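First chain A sits with chain B, and in the next complex the same chain sits with chain C.
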Partner chain A sequence: MPSTEELQALVAANTWSALLPEILLGVLALALLAVDAFAPRRQPQTLLAAMVGQAAILAWLLFAVFTAEAGEARVYFAGSVVQTALSDWMRIFFVTCSLFTTHLALVYLRNREYPRVEYIHVSLVVTASFMLLVQSGNFLLFFVALETLTIGFYVLVAFARTSRFSLEAGLKYLVMGGFSSGILLFGIALLYGVAGNPLLPATAVDPLNFIELGAFIGAVGIDGANAAHPLVIAGSLLVLTGVLFKVGAVPFQIWVPDVYQGAPTPTTAALAVASKAGGFFVLFILLSGPFLALESLLFPVLAGVTAVTLVFGNIAPLGQQNVKRIMGLSGVAHAGVLLLGMLAAYQVPWAFHAVLFYLLVYAIASFAVFEVMAHLAPDEDADQDISHYRGLLKRHPLLGSALVIGLGSLAGIPPLAGFIAKVLIFVAAFQAGLYTLLAVAILGVVISIYYYFGWMRAAVLRELVDDGESGREPLRVTIPTKVILVALALITVVGGIFQAGLTKLVGLS
Partner chain B sequence: MMSSIAHLALFDGVAELFRAMDAASPRAHTSVLLLGIFGPLAFALALAISGKLEDRAVKIAGFLGFLLPALSGLWLWIAYLSLGVEGGYAFLINASTGLDFLGVSLFLGLNGISLPLYVMSGIVGLAAGIYAIQSGVERLRLYIILHLIMLGGLMGLFASIDLFFFFFFHEFALIPTFLLIAIWGRQGRRAVALELTIYLTLGAMLTLAGLIALAVLSGAGSFNLIALRVALMETGWQNAVYGLLLIGMGILVSLFPFHSWAPRGYATAPAPTAMLHAGVLKKFGLYGLIQIAVPLLPEGAMAWNPLLLWLALGNILIIGLITLAQRDLKLMLGNASVMHMGYAFLGIFAFSAAGIGGAVLMMVAHGLSVALLFLLADSIETRCGTTDMRDLGGLGNQAPVLMAFFVAAIMASIGLPGFANFWGELAIFTALWASASPWVIAPTVAGIVISAIYGLRAVARIFFGESATEFRGGDLRGAEKAAALILLLSLFFVGFWPRSMSDSIDAAVADSFPPAATFAPVAALDD
Partner chain C sequence: MTLTPVGLEHYLFVACLLFSIGVFGVLLRSNTLIILMCLELMLSASIVALIAFSRFNAIEGSLMMGGNLFVLFIIAIAAAEVAIGLAIIVALWRRQQTLDATEITSLKH
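Moving on to the complex of A and B:
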């Protein structure tokens, strides 16, 4: 039983102000619902307020980060919340993603009969959960944040309730997501149980805490190392499975194509960018924290996953004509490259910063592509075909060039930022000596040219075919959209030639 | 090198001027180098973002963009000879782009090996540019922009001392090639463009892997070529890394048996693209082997040389025979350009200052002559509507100037004295004779006979006899003539005064191949 002093110390650690951005996002989300309920006619202003509110929170976070002194990790709520320079970076990343997702949602919902404010509401809650997830210091907050955002995604995936594709995707994501959550929870329970076992060395007082769990797994007793305990092995592998499901690594990628295709385009973008980034950051927290002592076990497992992910992710999109499926399946290939960077991070200190660089560049390029996709989507959002892109460069030069630059960056073509990102990961992998995986990744790049070029070729070369349905009506591109597209394309091009800004942002150099 | 040109009173005065400029500001010549690389890119950007322009304005801007690299090349050539750098690096500039933590920076400069190629690239670029401007294709502006980007990349890759940017500029030039073939190519362009893209991306990725391996494993912690020269690698790694580079770059240079993309690619590409790619961009691989792989990994080079010999002979004999069987002029030229790469590879195989120097000279000469041939072949196609040699004939009467150029270009590519090609081949043969396997001379000379047969037969088929096609458009027009003349005069210039290039090549090669190092591997071949 903890003493009064200890309880007082715990309460003193509850610094709510440390989580003010997340709290404000939640307040904003609730306020949106309330305002919309009482003043439904003022919806345009409400939506604008949602954008402005997010932008303000982003500006505040940026200000806080740039004025903060570099130092140790800040620990709050008795170890539940751990804020580091990297987690601050990820919070900024998620709010920025949320802004782009909101904009995509407004474009998507423009001609559709679905509730708007509700979509933004759920999306904001998901964002706040992502931000909490990357700051979690124990499995409790970790699981609660992960579940909150997953449940949010169930709603967002099935949001197009008149589309059978969206409903099917929602059901698939619900079943597969529930399954993976169960596995994850089972793993956490096993770790909790074994780390609290007083018969083992270095028994943890708070077995859910990452630091204590790491100390427990790293301890060695008379009967051998805790890392070799069967429950530790089983628990960590199950937890890892749950995380790999989120990033869409093979063999946990089964949900990817259908969910990406069926979900509304803004949700697909959030899944592709925010969900993947969150998954990788959590993987980093786990591998560099509680599971650090399990390197000899997890490294070969992850290496195998990386290899099959790279192979599958590059071969599976080859025959696809649906661009949302292409984005989903090629996203699996990107997950493979990122996993390669994670493996390199075991040996090369700067490799994880290269992963962050890759995530940043991937996000910028992906949002450019998703913006274009949202504008070209037919009424049935799931039926986005390569043929819709025929002659896009002539039909709308800005959308066309943004698409080509975005896809080129995803394919890793110089002089675009995606090329630099791939090279950084490759150099890191080389320094770490991962030659075989590197060979697989490089072959993957060659194969990926095929499907990215097929899509680009449709936009650049093919003339618009007048088959009546491939969208003869003029495209409505608003000025904010134009600004966003030009900015994203410009960052992608300039970042490929002059990398100083981007590398400084992710803490390289 | 000064001795060879000192007796020219005129040059003395010019040299004095260039030295004075360098003394006044050490950045003077460096800025000319930057102009040669970024000038065409700036014009491309300006053309891309400016709104509606008259056709004339587009053409003039394009011409200026193509002119800058040529002028920059000539200027730096004279400056290099005046400064008496003796093969070493000159016109250096080092700028950070934000990748310093990897040891990567934009480090530019020229040495005795890269200077001739830089000059050649500028000249071929100007000729290809003039030809592109007068071609009158659809979407001319995009056509010019893409060629300008390609040219900027080419100039940059030869001026890069940093391995990362060396590769980066290569890709910069390669991507427009794909687009140019895909948009303006002849029939079957889509399949060809895709095949080319995937095959060359494979080669480029292997090369990239090799370059990263080189930088990481050498322990220099830098991609800077000069720093890497100091930190040579352990033998164990040399073989593997050299292998990666040889195969990766071999694909890009169309080394047998990785050549299958080349003939169809060149036959399909629009003429200026084929000129720039076959003439200049393809030399990337050879240049990389000569400037980077062989000097840095001499033991790896020795280990792979026996295989390289057979592959190079495959280029010369097998592709030579395939060339003989071609009926289409452009396919014949495409195959011939693959075949001639074999000589350059043999120069590397010889592993001596003479062999490598000959290979560099050969690359310059081949770049000029193959560009001239593709230009003339295309002007034949625009006049007769076909390049099938069975249908062509009797052009000599209707287009005597075209015929004169074509005959001269064929003579150059066979390697007759008076043309630059002669000196390159001569140096390579001499080096082969002095190498451990002098018997290689025999099949190589047979290759010369093969190229004489198909070259002269093409002349006979196209310009003599009866024509089965309609001839339209008369003899070469002014712009075509100017472009062809630039290339032909350059071939003559180097042909009659090879020392203007070979002295600095020799000095630079001697740097990388000190007599002792040259001697030891040759002895190693015997056991």
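Moving on to the complex of A and C:
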């Protein structure tokens, strides 16, 4: 049994104040439910309070990060929570995403008969789990945070409970998400077992801890390196499979188009931006931590996945007419570019910062596009066709130009920020010597311009066709929405010309 | 007849068997309730493996309680997953009167 002093030392490591933003988000989420239950007539104020609360948490987090002196990673809760400059950055990223998602949800729920406060509640819980996920230091917190947010997403995807598309997407996400979690968990169990084996060299006392697991996998004994142990190989591949499912890399992308299409637009945006960013940060934590010694095994596997992801992600959206499916399938292509950056990070130290920059630019452009999509969506949210965008620039110049700028940035057209982000990752890949993958990626970008251009052309060139039905009534765009759209478009344009501010934000100089 | 004592490899065999049944069940069965049960089987496989590893890797001075602790969290998560899963299936049943995954295919364009 551990002694009293040891237990007291463990308790002393429980610095709850380090997790105050996450706790406050949880409290806010619960308070929203309570207030709505007791004062249902005050719903507009409650929803406003949700926005203000998130903004306050974001401001506090920003203040805490910028006043903190840079230094070593801060470790709390006996190694469960590891806060680094990068994880702090991701926490800010997730709260910002949550704000945008909340706004999208308010636009989406405006004309629909679904519960409003409950959506925000689940979305806040998911955000808090994302923030815990990126600072997890052992597999216990990692798995619990990952599952909390995945289960939250099941609810958010199936939220439009009278739409069969949404329910079907929810079921598909549940099955595929549960499947990937099962695979991931079995991988964790195998790693736990092999790293705790007292007969192997450098046995870990706490095999779930990332640092101890990394030390175990890196150790070399008389009978050979631990990294070559079959259970280590099987376990790490299973864990990697589970994470690649979440980011939607080929061959684990089958859920992406259907779930993106069926889910309500704000959920699709959260899946596309926050979920992808979280997945890639987790991949970075794993590859640079416990799985560092497995480079010779994982590098070829990841390179293969990257190649097929890039090819599939750029060919599949060709000929698609549903814009949500286009966003989903092109998201697979973006995952391919990001994977290329992850591979380059093995050799080039700044490559992961380029990945973060790409995620930031991708998030800004995607939210601009999703804002426009939320405004143009017909009553059945899953049926969003390119034809709905005909003549958008004439019909509503602000929405139209925000859409064109967002799509242009996603396609990587100069001088927008998306172009710079792609160039940074390509330079990193070039420095790392990944020439074949780089060629595939550049070819993919050329193809991607084609399908993004088809969507843009509908908005810019096509005349309004009066077919008498879908969405000919005037668009309701509120002033906050206008401010958000202008800000997102401005950052995208200015970020492409003067990227110093944005690159500094992610630690690139 | 002598019985060999039950060792780590027996538990791992059962765990791998459960995991395989779960994986193939999810991939091959078409009834959504059975798929949900197979998802739970996959989690149960990990539970068996974690507890067996905790028991057999424990030595003097290192109790290996992490795996046992993990299992409690997995059980809670599995319960949450089933609750959401059944809710979605009930809602789908109300709309479509079917539980067959091969018939739930409206999302294709």
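By our rule, the second predicted complex is superposed on the first by the 508 of 509 C-alpha atoms of A that agree within 3 Å, B and C clash if a C-alpha of one lies under 4 Å from a C-alpha of the other, contacts with A are read in each partner's own complex, and residues count from 1 in each chain.
What we mean here is this: contacts are C-beta pairs under 8 Å (C-beta built on N, C-alpha and C of every residue); 3 or more make two chains touch, one makes a residue touch a chain.
Bear in mind that the values here come from a model prediction, so they are computed numbers and not experimental data.
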item	value
Greater residue coverage of chain A in the superposed arrangement, chain B or chain C	C
First (chain B), second (chain C), both or neither touched by A:L438	first
First (chain B), second (chain C), both or neither touched by A:Y452	neither
First, second, both or neither for A:V460, with chain B first and chain C second	first
First (chain B), second (chain C), both or neither touched by A:K504	first
Touched partner set for A:Y389, first chain B, second chain C, both or neither	neither
Partner chain in contact with A:V427 - chain B first, chain C second, else both or neither	first
Partner chain in contact with A:Q261 - chain B first, chain C second, else both or neither	second
Chain B/chain C common contact set on chain A	none
Residues on chain A engaged by chain C in the complex (per definition of touch)	1, 139-140, 143-144, 147-148, 151, 154-155, 158, 161-162, 164-165, 167-172, 174-175, 178-179, 181-183, 185-186, 188-190, 192-193, 196-198, 203, 205-208, 257-258, 261-262, 320-322, 325, 382
Chain A residues touching chain B - in the complex, by the definition given at the top	350, 413-415, 419-420, 423-424, 426-427, 430-431, 438-439, 442-443, 445-446, 449-450, 453, 457, 460-461, 497-504, 508-509
Residues of chain B touching chain A in the complex	96-102, 164, 168, 171-172, 175, 179, 182-183, 190, 194, 197-198, 201-202, 205-206, 208-209, 212-213, 215-216
Residue numbers on chain C that touch chain A, as the complex places them	12, 15, 19, 22-23, 26, 32, 35-36, 39, 42-43, 45-46, 49-50, 52-54, 57, 59, 62-64, 66-67, 69-70, 73-74, 77, 80-81, 84-85, 88-89, 91-92, 95-96, 101, 104-109
